[in-house]
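Structure in structure tokens, see below.
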């Protein structure tokens, strides 16, 4: 790690930036703005990651978050009430408990950071982390990499199944409910096509 | 490379099979969508065959640079998961008949099973994280698969929310453990994780929280009853049993890595077991909804299963007892949920009045499942409980066994709340069943519960050979 | 830019994220909290990778996996939110309490 | 042969459970009843043959052994010794009689007989098993069978009583399970085989572990026996169960508790048992006096009989405690006590079985168990009166009937070991006399209330069934040598005589 | 021929009689015939002295022998039973077959008793005799009182049976056998125990104090039953046992005096009762107790032979007297002595009864007088004052005997009310009376020289040499008594003599002893019984309930405290971060809150505990264990609020606790 003060100053600036922007995520009236604060926080972290020597990871992080936040913003505009922060928005619950929990978590992790003597094994100079990652992906951690791929595939399938209402045969949701308790419904299929409370409705 | 791929043929078969099913679902006409079930079943059988071959090959070792264990535990987990998946497929085919996205369902099911198997074999933090992810993410979708059902959508999102927090928290824990050891594979971790430190404590705790989610253990148990009640019944059967198989075995591998003299994982697991079984049982007492009851009972069963983890290293029978418990539990759970499926989702207590006269076989299956959960011999649950109590005592946790006994007595009460109306009262309503397939699969699971109990030797002698590969 | 500093910053992010996850009513905001937590994990990981793990490539792999987790969870989260919003008109956690006890 | 004794009723039970029969037709019902009776009688015949082949060597005989779960040292092992053979034979006979006894079947005849045969198989299994695991398997199955019998064919608040019975005794049986596991863990090599454990004496050293194991076992058996104060499941279960089920519950299932005491803690950890013999004896005396006193105040004939069961099982435990105590030089007396305890188990099976069957007949005719509702029935039902009188006198320990032989032996043996306990326990004999005479008087003597003018005496089936039980009661009372010699063959070596 | 014939023949006959009960004649013939057969075999057995045994296994064996005094008894029993059974056959109408069968069976049981050579056999017979007596006393079962009286008799004698249980067990513990002869081998506490057991058993059976009142209950039976019970059977068993066993218990120093004291007390008290009782059978019952008291006294004084002679003599005259009483009751339709006075109308009967009374009063030359003289002699040989008391007893005996006869069969007294025609006794009855009277007279032969030797050889005991002074004193006492009674009779003050109020303090007579027994024994037992039954229904379950309640309250308290702690933590830290200023105030408040809540929880706990310990009114069938667990269940369900953010809080707090546990526990 470079001892130069420039690096230190830069790090603290980035750290302060990402923490403050992170905090602002929950202090803004608009979800869209919150999304951009979040992005800003991620950019800060990405920069720090790059400073730590993992350029590839940092850049990927930033890029990915940028894309994701855009999508998030769009979804919010599409679906959520009060998307653009036209009205003041501060919707919280169990607020004090949350503050305590957050603070405690921070204190706990700070204790971990301060009191743990992590082994001192700095990165050897001249190592290309990106290249090594490439070998790792296709070598030792290949199974994990593949698994992650399956997870992503599943996510895609799942997201499509859940979010896309139109399938190849018209409405993709119609009939996607529990069977009726009675094998032959007396009326003309009242359950299908409508929202059903069939299963848990009797709780 | 080829040899490494050869180590995981069953997993690959599942993966490829899932894709095949997906492609079929995308291109087959609507009335042939049910064919996806047949393909999926074939895939499962094929994968199971390969898993069996791997098991019989008796080559217990680590592969993929120590990140994945292909020992008997993994193989048994695979076989158990695949068997359960097969039953769930049989239950699902008639249940989802009206669903236009019938085909994709099986892809997700297969991937979820794959996730559970990979979880069981995980011998590396990275592999653990991704396997958990795969297993969880498919589970969320499956739970919410009834897209027009309010309870299902709620179950899905609650499942997701409850999973996302522990899975996210786990990440920083994994980071700490990685930092402490400088590596992620278990053999290296076991070697490098040294004396107690706050990072070790925090890291282990955060990872254990994720396991608690996967298993439905306290404090991340809340999703289990919700999913059991709200999710499509076959899915409920699946997610309350299959991930538990992978999760418990993965937990066994994980705790073995932790330095027992540095952190008290054993008392912690014992405590979790105690609280989990007690809470699950107490909350189940007054349930009038069978699925929810089964959900809570699944929570309490997790508590029993954790007893085997407590005894790891302290009893030779710990691993066999864990495996046998899983076999017995999965069979019983599938049988119980199978009855719900076969009865078209019937779940309210009053709907079970007089079932014994209307549907004697299904009623008997449910009774067998319940009695097995209680631990009445010679059903599968009995040797499981016997072993669990035994290993806990041998591990020096007699109090846990006593508590488990008390809990078993409590559990009898709520099971009897359903048994009694089934057998002792006379119901007047019609009782429709879903299809011959679902009833058949259910009764088969019920017979399995009996058979596993009677033929316990078959399993136990095989399980005795199982060890945690290092 | 010591390891302690990195980890403390990560802890701060984690704390903020946890606060968000616990306190926000809106699903979307809640998930932002979760993302901040992943963010913290990645930062901590990067720090530990650089300072304590000798740049073991498994660390990089782990970071990739973390990002995968983030992506997958977010995507799935949005899909589920969409679904539940569609049939329940629910966008905050309080609206979903049919399944209880 | 012993295996067949267990599995013939089991197989018959399964066949009945799946058979398609129209039990609404009287003919079919008759055939069903006859078939079930035959199936129930087969074990009795087999055991009678076993009796004739029994040599009395002191160890287990007629052993049939098949490995079952060898990984855990579990085998399917059945066999008999001088204690289990009489108990099993008695059980088989009592089951046959109970099955043939008429009862309101509530239109579920098939299930009734199937369940009864299932229960018979389980009960015989408990007595014949020579493997702790197998023992426990049958033990728990008997609970399940009885739960359903009470729940479906009971009356009054049957569901609650059945559940109470199930929960209470399951709690006991799980304590027992922990004890069994404790024993198992102490063996080396690990085994559930009773003979091996008895030989190994794994917990001979005593200590906390052995005590805990003993406590677990003792709780399990005490609940089943039942000893005061863990007896509260018994009265409701008996009162609400159908007559034959009560007979079996009292006659067979309660014996499992006392038999278990004898078979497991006494044989497998005698040192520990000896340490707890006196407290156990105290509990037994409490049960004797408490059971008798509470029975004396009952106004319900079935409750009354139920409480006398507590009293009688107290005698058994007292005998066991005396036999298991560590006193030098009283081996002869201890053997007498142990023999007496075993005879009491057999005798109580016949006697109380008969009494419960009679109470079932009374309920069927009078629709109530209230003693005050009856009186003077002797003039309308002489056979019923005579049978009840014989059973009652047998129960109160009249010589010439089975109960006396047992009680005399128990007290004789106990007086040598715990004279003061025995002296206190003797008071129970007077109390039982008083309460049974009161019962007879209230039911059969005095003026006949008008509502019973048309009271029917026992039917031929009832007479036949009861006659078998009472004849055996008399035979054992007059000429018990055939029984005592068999028991003695095991008891003698047991107490080291 | 084995001695088994003696007990088994009657039992078989009784079974046959019950089987053919519809044919009256056949039953009677069978009964009498079987008894004759028994008599014959008894005579034969008395001569040959056979022995026999019946193995029960398991160290038990029944042994029989005809030797010593049992040679007399085996003959005496059928001798007395024959006329009684014949009388019963002739007079009883209701349930005749059953009565006869039971009487014959009773003879069998009694034969077994006298043949017993070990305590096991003795106990068997002892209890069988008691049980059959229950059936005999409650013979007329349609009247509710009778069966109650029978139960009373049986239960009382069974208390005595415990003594035999005790003796048998202790004997076995000491010697490994039940043989009566082995008692001599015993020593120490066991010997004392055996002695006490024998004494209690004998006293209960022979209706000695304090068990005497059961004989009054036994009067509920028909008269022939009383005749048999009081003479050669049942009641005689106690005295017989003592005669058999007392010689082996000489080393127990307190035994003989105690036996003598019991006998003395009973003889006096019984005499007074007999003298004051107005009911003829009860008067006789009192006399029975008294007479057996005399035998006890003799045994206590060491004169077993005299006791044996008295036993035989008493058997004969008491059976005679009871049958006479039966005739009298039959004749007048009442049992009240003051309504009788049948002397003129039933001369023959009065005469035969007179023989019995003279024997009772010990007027020579009857056998009864001889045996009583021997007792007096024995008593004088023991101690002077015991002898003097015996003379007093002789006085009392003579007094009540003469009173009895005078009132029942004496010259008719005028009493208010119409003269009713009397029912004359039939031939069979008179023959029965005559036989017994003949027997009594025959015993007078004992006065013939050589009689003493015969008695000594038959009983195995020795007789004391009587002194002239003692004889004269006794004779004087008897004469005085008879004279006084006759005088009183003339004055008409015999019906309710002085002291009657004392003994008839209550319904049951016997100085209020039954009442005392009721208050001291039966009442408490029954109350305890009912109390325990109530306790069993409520409290034992309530104990379980209370335990559950305590557990629940504890858990509630803990939950409350935990909540409190949690809230305190949350509020405290949050307050510190956000509103420093109010921290102190709030902390104080919370401390107060905590104290209050803690106290509340504690009070709650106490309240629950006390409520449940005192909880008797709660519906008893409620299994509150389940209910309490169930409440815990509802509480647990309550955690499942359905709100995800609550679950998140659980997860977070749980994770923190996990870390804590990991760090703290090993």
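A few comments on the model shown:
Order as written gives the chain letters A, B, C, D and E; numbering starts at 1 within each chain.
The rule is simple: contacts are C-beta pairs under 8 Å (C-beta built on N, C-alpha and C of every residue); 3 or more make two chains touch, one makes a residue touch a chain.
Owing to the predicted nature of the structure, the values given are computational and were not obtained by experimental measurement.
Listing every chain that touches subunit B and subunit D alike gives E.
Counting steps between touching chains, the shortest path from subunit B to subunit C takes 1.
Per-pair tallies of C-beta contacts place A-C first.
Of all chains, the one whose Cα centroid sits at the greatest distance from that of subunit B is E.
The central chain of the assembly on a C-alpha centroid basis is D. Each chain's centre was taken as the mean of its CA atoms, and the one lying most distant from subunit A is E. For this pair, subunit D with subunit E, the centres built from the Cα atoms lie 31 Å apart.
Measuring from the averaged C-alpha position of subunit A to that of subunit C gives a distance of 5 Å. Annotation: 65 Å between the Cα-based centres of subunit C and subunit D. Computed centre separation for the pair subunit C/subunit E is 88 angstrom, with centres defined by C-alpha atoms. Within subunit A, contacts with two or more other chains are made by residues 93-94, 97, 99, 101, 103-105, 108-109, 112, 118-119, 121, 140-141, 144, 148, 151, 155, 158, 161-162, 195, 200-201, 203. Residue positions of subunit C touching 2 or more other chains, listed in rising order: 10, 14, 17-18, 21-23, 25, 42, 47-49, 51-54, 58, 61, 65, 68, 72, 76, 79-81, 83, 87, 93-94, 96, 98-101.
Annotation for subunit D: residues 167 touch two or more other chains.
Inter-chain contacts, as defined above, occur between A-B, A-C, A-E, B-C, B-D, B-E, C-E, D-E. Listed in rising order, the residues of subunit E touching subunit A in the complex are 569-571, 573-574, 577-578, 645-646, 649, 652-653, 656, 659. If you check the complex, the residues on subunit A that touch subunit E are 93-94, 96-97, 99-101, 103-105, 108.
Those residues of subunit A lying in contact with subunit B across their complex are 108-109, 111-112, 115-119, 121, 139-144, 146-148, 150-151, 153-155, 157-158, 160-162, 167-183, 192-203. Considering their complex, residues 1-2, 7-8, 11-12, 15, 18-19, 22-23, 25-26, 31, 34-35, 38, 41-42, 45, 48-49, 51-54, 56-58, 60-61, 64, 68, 71-72, 75-76, 79-81, 91-95, 97-99, 101-110, 112-114, 118-124, 127, 129-130, 132-133, 135-137, 140-141, 144-145, 148, 151-152, 155-156, 158-159, 161-163, 165, 195, 200-201, 203 of subunit A touch subunit C. On the subunit C side of its complex with subunit A, the touching residues are 1-20, 22-26, 28-29, 32-33, 35-36, 39, 42-43, 46-55, 57-58, 60-61, 63-65, 67-68, 70-72, 74-76, 78-83, 85-87, 91-94, 98-101.
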